[in-house]
Amino acid sequence: MVATPSEVMTIVAARMLREATVCFVGIGIPSKAANLARLTHAPNAVLIYESGTIGTRPSVLPLSIGDGELAMTADTVVSTSEVFSYWLQGGRVEVGFLGAAQVDRYANLNSTVIGNYKSPKVRLPGAGGAPEIAAQAKETLIIINHDRRKLVEKVDFITSAGYLDGGDSRERAGLKTGGPTAVITDLCVLRPESLTRELVVTQLHPGITRQMVAEATGWEVRFAEDLIETEVPSDVELSTLRELERQTILAHSNEAADRTPFIRTDPTEEVARP
Amino acid sequence: MSNLSSLPDAIRSHVHDGDCVALEGFTHLIPFAAGHEIIRQEKRALTLVRMTPDVIFDQMIGMGCAKRLVFSWGGNPGVGSLHRLRDAVEKNFPHPIEIDERSHAAMTVSYTAAAAGLPCGILRGFLGSDLAAHNPNIKFIDCPFTGERLAAVPAIRPDVAIIHAQRADRAGNVHLWGIVGVQKEIALAAKKVIVTVEQIVDDLNAPSNACVLPAWVVTAVCHVPGGAAPSYAHGYYDRDNSFYLAWDEVSRDRQNFQRWMRANVMDGMPINGDA
Amino acid sequence: MSNLSSLPDAIRSHVHDGDCVALEGFTHLIPFAAGHEIIRQEKRALTLVRMTPDVIFDQMIGMGCAKRLVFSWGGNPGVGSLHRLRDAVEKNFPHPIEIDERSHAAMTVSYTAAAAGLPCGILRGFLGSDLAAHNPNIKFIDCPFTGERLAAVPAIRPDVAIIHAQRADRAGNVHLWGIVGVQKEIALAAKKVIVTVEQIVDDLNAPSNACVLPAWVVTAVCHVPGGAAPSYAHGYYDRDNSFYLAWDEVSRDRQNFQRWMRANVMDGMPINGDA
Amino acid sequence: MVATPSEVMTIVAARMLREATVCFVGIGIPSKAANLARLTHAPNAVLIYESGTIGTRPSVLPLSIGDGELAMTADTVVSTSEVFSYWLQGGRVEVGFLGAAQVDRYANLNSTVIGNYKSPKVRLPGAGGAPEIAAQAKETLIIINHDRRKLVEKVDFITSAGYLDGGDSRERAGLKTGGPTAVITDLCVLRPESLTRELVVTQLHPGITRQMVAEATGWEVRFAEDLIETEVPSDVELSTLRELERQTILAHSNEAADRTPFIRTDPTEEVARP
C-alpha cells in the first residue's frame, strides 16, 4: 500500500498524539488524525470536541462538530459554555489540534480574512474556538496543506496567536502555554526553532525534496540541521485510516437515505452509550 | 396559562423589525423552521446573533433580514463558505451588514453573563489575537487580586432567543438533550424565548439534572416536528448531510438562491432536503 | 491505570498537613466518611473549605484539624448552632481558627472561577453588607462597559477536593444525581479530587447531560457504602434527621464531644446514627 | 380552631405570596409559609430553594434545604452555582423569603454575629444565601419572632442590606431592587414607611395590643395611621397548615425508623417525578 500525501499528513499528525493525552479536536483532518491515533497507538486518548462532547469514541468520523455520534459515544456531554470554561480554559487540555486558512513563519494562524478586515478580499469563516485553543491548550498541533498562499511570510490577520513576532513575544503578550509545537503539512513537518521561534522544516515526508518544500512555502524557509525523513506509513496505519474513511462514507450515506423524521419515546435510552 | 402557540403567531407577536434575535443550536437542534418563518414574515433590520451562523443565517442574510451579525464562526460546516454571508460582507448584497465578531469562548461568556444578570463576563482570551483591535466590544481588565490581564466582553441580552428542542409537555416545560450547546444559556439570557419542539408529551419524565427549561421562563412553545431539519434532532432524525453539500451550489448564485428560497421557503413549503 | 483506592490510602496519599481541603455536598452527599478518615489520620493545620460547614466540619474543627475556615453558612441545618465551631471562634478551643467568610453566591463564584482557570470571578454582591469590610478577599471592580460596580472574589483552588457520589464504574468514572450542589465545580477547581461512592458498577449508563466526572479528572475513587451518612444519598438512603438533633447535645460539652468521637470515629467504627 | 401566634405568623406570611409568583425560599418558617401558600391560594407559585431545586412541590416540608423530597418534586434540579447565577442574580426571583437573628429599624438583617465581629459574643451561622437574596429578589419578606433582642434599633452586623440608614441610602449603595416590603412577626406586620424607610407597624394580629408590640420592639416603634387588624386565620388555612405539619412529622419519623442503606439500581427511575 502506498499512502497519498494527504494520508501521510494525517498519519504523521496521528503519531504525534501521545497515549492517554487529552486532545481538543477540530473537525476535518484534526478529527481524522485524532481518531486514527485512538484506533492505533493511543486507545486511551481523550478527545474533546467544542460541541461539548468529552471523551468521545466515534466508530465513524463526524461530519460536523456536533454530530450525534459524538454525543452517543462520549463519557459526558456538557454545554458549549462549559467545554470552553471548565475544560479548555480550566487547563485540562494537553494538545489542541487546529487547522487554518493561513499559517505564517511564526506559526500565527489566520481563519478570519484574506486582505483587509474592513473590506476583505475573501471573508473566511472566522475564529470559532481557535484563539482560545491556541492560547489555552498546553501545546497545539497545526495541520494544513502545503501551498504558498497558505504558508505565508505574515498572515493577513492573526486570528490565533502562535509566536507572534518570534522570540519571546508570545510570552510578553501574556500567553502562558507552550504554543504550536508542530505544523504538519502534506509535504513535511515544521517546528519552531528554540530561540527565534521561526518555523523550520524538521522532517520531510517520503519522496519530498527540499526544493519542493521551498517552492511551496511563502517565505525563505530553512531546514533543520538534523532534518529527518518521515517514516513510511505502516500497513496498520494506512489500513486503519482507510477503513475508518470507508466506514464513515458508508454510515453517512445510509443516514442520507433514511431522512424521514421518526419518533422515539425514551430519551434516556436514545442517548445512553451502546 | 399555557405558552403553547403556533409558530407564525409566535414570530408575529414576539419578533419585531430592528430586534436583536439569537437563534442557537450547535450543529444539533438548529431552529430552521423558525428562521424560515422570520424570512416569510419579512422581518427587517434584525441584529442576528449566533455562534455558528451556518445555512440558516445564510438564508436570512440573503433574504435581507439582517442589519448586523454577532458571531464567532460563519461557515457551512464540513463544506466551506456561506456564499450569501460573503456576498453581504464582501459586496454589500442585498445590503451592507455590520459585523461584531468574537470567538466561541467569548460568545459563551457573553451569554452566561447575560443569563446571570451581569453586565459583562471575563475570560482569558484574545491575547495576541487581532480580533480585539477590530472589536470595541472586547476590552481588558486587571484581576484585582493577581493583576493578571483578562479579556472582558459585554453580556448579550437578545430581545428574543429562538431554540429548537426535542420535547415539551402540555404546560410548556421544555426538555432537550444530547449536544445541548448554549441553548439554556441563550434562553435565560434573552428577554423573550421561543422554543420549537419535535413533540408535545403528557409528562417530560426528564432524568435528574437534565437540561430543562420550566414553562415560566419560556414565552412561547411551538409544536414543529422536523423544525430542526436539515440539521438533526437527537432521537428523532439525522442530519441531512447531502443538503449541506447541495447548499453550496444553490447559494453560490444570487438568482439561483432567490429562486430556491421562493420555491422552498416563501411559499411556505417545509424544507425537504431536496435542494 | 484505574484510580480505585481504599479511603485510608487515598487520604494518606493526597491530604497533607497544611493543605487547603474542600469537602462539598449541599445537605445531600456530604462526605462524612472521608472527614472521619482525616480525623483518624490526625491531619493538622488544614484550611477547610465548605459552603455549609455543618456537623462534619464541627467534628473536624473540634478534633483540631483546622487552622482556617472558608465558608458561607456554619450551622446545624434545621437544628441550630455548631458548638465546636463556636467554641473555636468564640473561645479558641481547641485552638484559634482564622475565618474567611463569604456568601453562598460568592463561594460558588470562587469555585466556578477556579474550575474555569480564572484568577477571580465577579458577581453582583455584597452591596450594603458589612461582610466586604471584614474580608480582604472581597473587592470591587467597575464593569468596563457600563461602569457598574461589581464584587470580585478570588478563585478557590483547593489542594484537594473531597466529594461523595452515588456511583462509579470500574474505570473510575463518577456519576452523581439529585441535588448536585457544587460538587462538579469544586472537583474541577481543585488540584486533586477524592470521590467516595456508594456503589461500583460495570456501566454507569448515565442519562444524557448527567453530572459525570470522567475518570481522568478524578485522583482517587473509594468504595465507601454509607459514606455520606448521617446525611443522605439520593436513591440509597435517607437523611438521619435524629442524628442531627442528637448532635446538638453531644457537641455542646467538650468532654462529651471527645468521648463520642473516640467511641464512634477514632476507633474506626462506622457512624451509625446512635449519637 | 384558634391559631397560635406562630401559626398566625406563618399564615400571614403565606397570604403575602401572590399566585404564580416566583419565590426564593429559606428553610424553616419561610418554607412552611411558602408551601402553605402553594397549598391554598397560590397553587402555581414557583418555589426555588438554594440547593438548586426549581419549581418544587413537596408533599411534606423539607427538614433541610437539600432534602430529597425537594429534588424529586422539582421541575428541574440545577447546581447551586446555577441557582445563584442564572436564577437569583439573573433577576428571575420576585419574592425572597428570609429569616434572620436580628432585624433593625431599617430592615437590615444580621445573621453573622452578636457583638463584635473579631471577638463575637455569639457566633451565628453566617450569611448563606441571604445577602444576594436581599439584594437581587425584586422584593423580600422577612419572618422573625418578635422580641427586643431580635427587633433592634441597629443590628450588630449588616449581613443583608435592608434600607441601610433609611431614606435613599439603599439606592445610593447601588442596590437596584425593591428591598424588604414587610417584616412579619408573631405579633404584627411592619412595613417600611415610604420616604424614611423606617419600619412601622401596619397590622396587628388578633388579640395583640400596641403596648405588647412596643414592649417587644428594641426601638421606639411607630404605628401607621391606618393600622389594621390581621384577619383571623380561616379554618382552611389553619387546617391546611396543621395537616402539612402532621404529614411532615409522620414522614420524617418513618424515615428515621428506616435508616439502613439500601441499593437501588436505576438512578433515572429514582429521580423522576412521581
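General remarks:
In order of appearance the chains are A, B, C and D, and numbering begins at 1 in each one.
As a convention for this text, a residue touches a chain if its C-beta (ideal position, glycine included) is under 8 Å from a C-beta of that chain, and two chains touch if they have at least 3 such contacts.
Because the structure is a prediction, the values reported are computed rather than measured.
Interface comparison, B-D versus C-D: the pair with the greater number of contacting C-beta pairs is C-D. Chain centres here are Cα means. That of subunit A falls 39 Å from that of subunit C.
Separating the centre of subunit A from that of subunit B, both taken as means of CA atoms, is a distance of 26 Å.
Shared contact sites, meaning residues of subunit A that touch two or more other chains, fall at 71, 77, 85, 89, 136, 267-268, 270-271. Counting only residues that touch two or more partner chains, subunit B has 112, 117-118, 123-124, 148, 177-178, 180, 185, 206-211, 234. The set of touching chain pairs reads A-B, A-C, B-C, B-D, C-D, using the touch definition from the header. Listing the residues of subunit A that touch subunit C in their complex gives 20, 22, 44, 46, 54-55, 71, 75-78, 85-86, 89-92, 136, 267-268, 270-273. Taken in their complex, subunit B has these residues touching subunit D: 1, 112, 115-118, 173, 185, 188, 203, 205-210, 212-214, 216-217. If you check the complex, the residues on subunit C that touch subunit B are 117-124, 137, 139-141, 143-146, 148, 150, 152, 154, 177-178, 180, 207-211, 234.
Listing the residues of subunit C that touch subunit D in their complex gives 26-28, 51-52, 71-75, 77-78, 81-82, 85-86, 89-90, 101-105, 108-109, 111-112, 123-131, 134, 148-149, 166-167, 175, 177-182, 184-185, 198-199, 206-207, 211, 225-226, 229, 232-242, 273. The touching residues of subunit D, counted against subunit C in their complex, run 27-28, 50-53, 63-68, 70-71, 77, 79-81, 84-85, 88-89, 108, 112, 117, 119-132, 135-136, 157-161, 164, 170, 173-175, 252, 255-256, 258-264, 267-268, 270-271.
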